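For reference, chains read A, B, C and D in written order, and residue numbers begin at 1 within each chain.
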């Protein structure tokens, strides 16, 4: 592997990672920002992603939090990482044109990073409403664990 | 509404709720147990639910935790509830024939319940391996909030 | 109770609340900021607050997170509130002259608020090092629960 | 260090660790059980540990959760560990003669362990009431992080 490959992925690299996750393709997630300490994931809302009351299913928000946190951590740690855990607080029902999950690194060492994420429901006229907030960690995959 | 409808749903009722969640249908989740204080959700693993390394995507486990916790809470609170939040710790990569999320009520009042969940990866020969553990809350939807 | 008393406490009011918590007096916590959406708590580190390796005990950081989150929520909800839960991630051992817990409201409704907190270890020369990060909720005490 | 010292501490060893934590001495915590996968910590309630309404301060419950989780993890990992994080859900106000924090290992590898804890308020006539529930992780201190 070249030194470049071992470094921090670019947005193009990170989009390839997202495209190589079949579940992210099923969800229809797209990575719209990916830079030092920050990642933004968007999920257009379509009927298949809803729950019985017509709002985005909590599991879709949980997917968004999990993956946005992990991509944000990846900007600090590279892409050979696993998410170790997260906390997600739901604030209000999410509906609209899309979900936007904005994640940022709070603290990163060489092997671990703590990130936070806010999930917004965005309407057709681009109004954002905060729907959930998460905090979670990722660490470099450790061959000798 | 009849008194029966206002009470705790039966397994058949709960399965109708699950079937009315388009995202749960997309995931392919099925409810295999639903009784006082306990709910078990299973998700057959298929390629669409995986991440780039061939394991179940963390977002699928997060969906499983979210929904199993909520159904367990529903056995105590009825079905007009929302999940308020959860914490999910990932323990090891999940692969096999299916995911089994076993959730139980830890404490329930009239309006709120705290639940815990363990998520197992189950192989074709029915071996279970613990892959994640969650703790989360739900509360009755409050018309005057 | 006057209408004023039912509103959002001032810094002086909030300091009276802190002084009326015997455990906060035992810890030696002081409230240094208290304004709309934000509260800052400081705890001078003394030998009684340490663990066996000479760092601040995790329980002291947990106290700081719990109380700073609750005071921040109080700026939005008033002082008749209870903390419903929190998540705390420890980032590095804390030592120095004092702990500073900076908490802010992420989202507040009429009856609930979600807050986040960062805990810094502050040295004698005022250098801050981030040691822990928390997310937690509080809600108004509900007489008819 | 002898091989014995590197192994899993006995109850007597673990009590020495607790006694070497000045903050645990200030709190007045005692370790009443310590065996494979399980630790029980008790804290006699005295006026200094309360909040303004006469209940145990949330920070005391948070200390109890943090330390009970860590001691339970120690039964699997040995005593050179740090707590990496925890989630704590408060269920009801705690009052009575003492707090009892019962923690158990959910999953342990060679270097990490996930534990859960329930905190009970115990009255003079030995009635237990569940007041809080926690989930948290610890890992072996890693010299090359």
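Observations
We take it that a contact is a pair of C-beta atoms (placed from the backbone, for glycine too) under 8 Å apart; a residue touches a chain by one contact, two chains touch by 3 or more.
Because the structure is a prediction, the values reported are computed rather than measured.
For the pairs B-C and A-C, the count of C-beta pairs in contact is higher at A-C.
With every chain reduced to the mean of its CA atoms, the largest distance from subunit A is reached by D. With centres set at the average Cα position, the gap from subunit A to subunit C is 29 Å.
Subunit A and subunit B, compared by their mean Cα positions, are separated by 21 Å. Mean C-alpha position of subunit B lies 33 Å from that of subunit C.
The set of subunit A residues touching two or more other chains comprises 84-85, 87, 89, 137. Against subunit D, in their complex, subunit C makes its touches with residues 17, 20-27, 47-52, 57-60, 62-67, 70, 82-90, 93. If you check the complex, the residues on subunit C that touch subunit A are 87, 89, 91, 106-107, 114, 116, 118, 130, 133-135, 137. For subunit A in complex with subunit D, the residues that touch the partner chain are 84-85, 87, 109-112, 137, 145.
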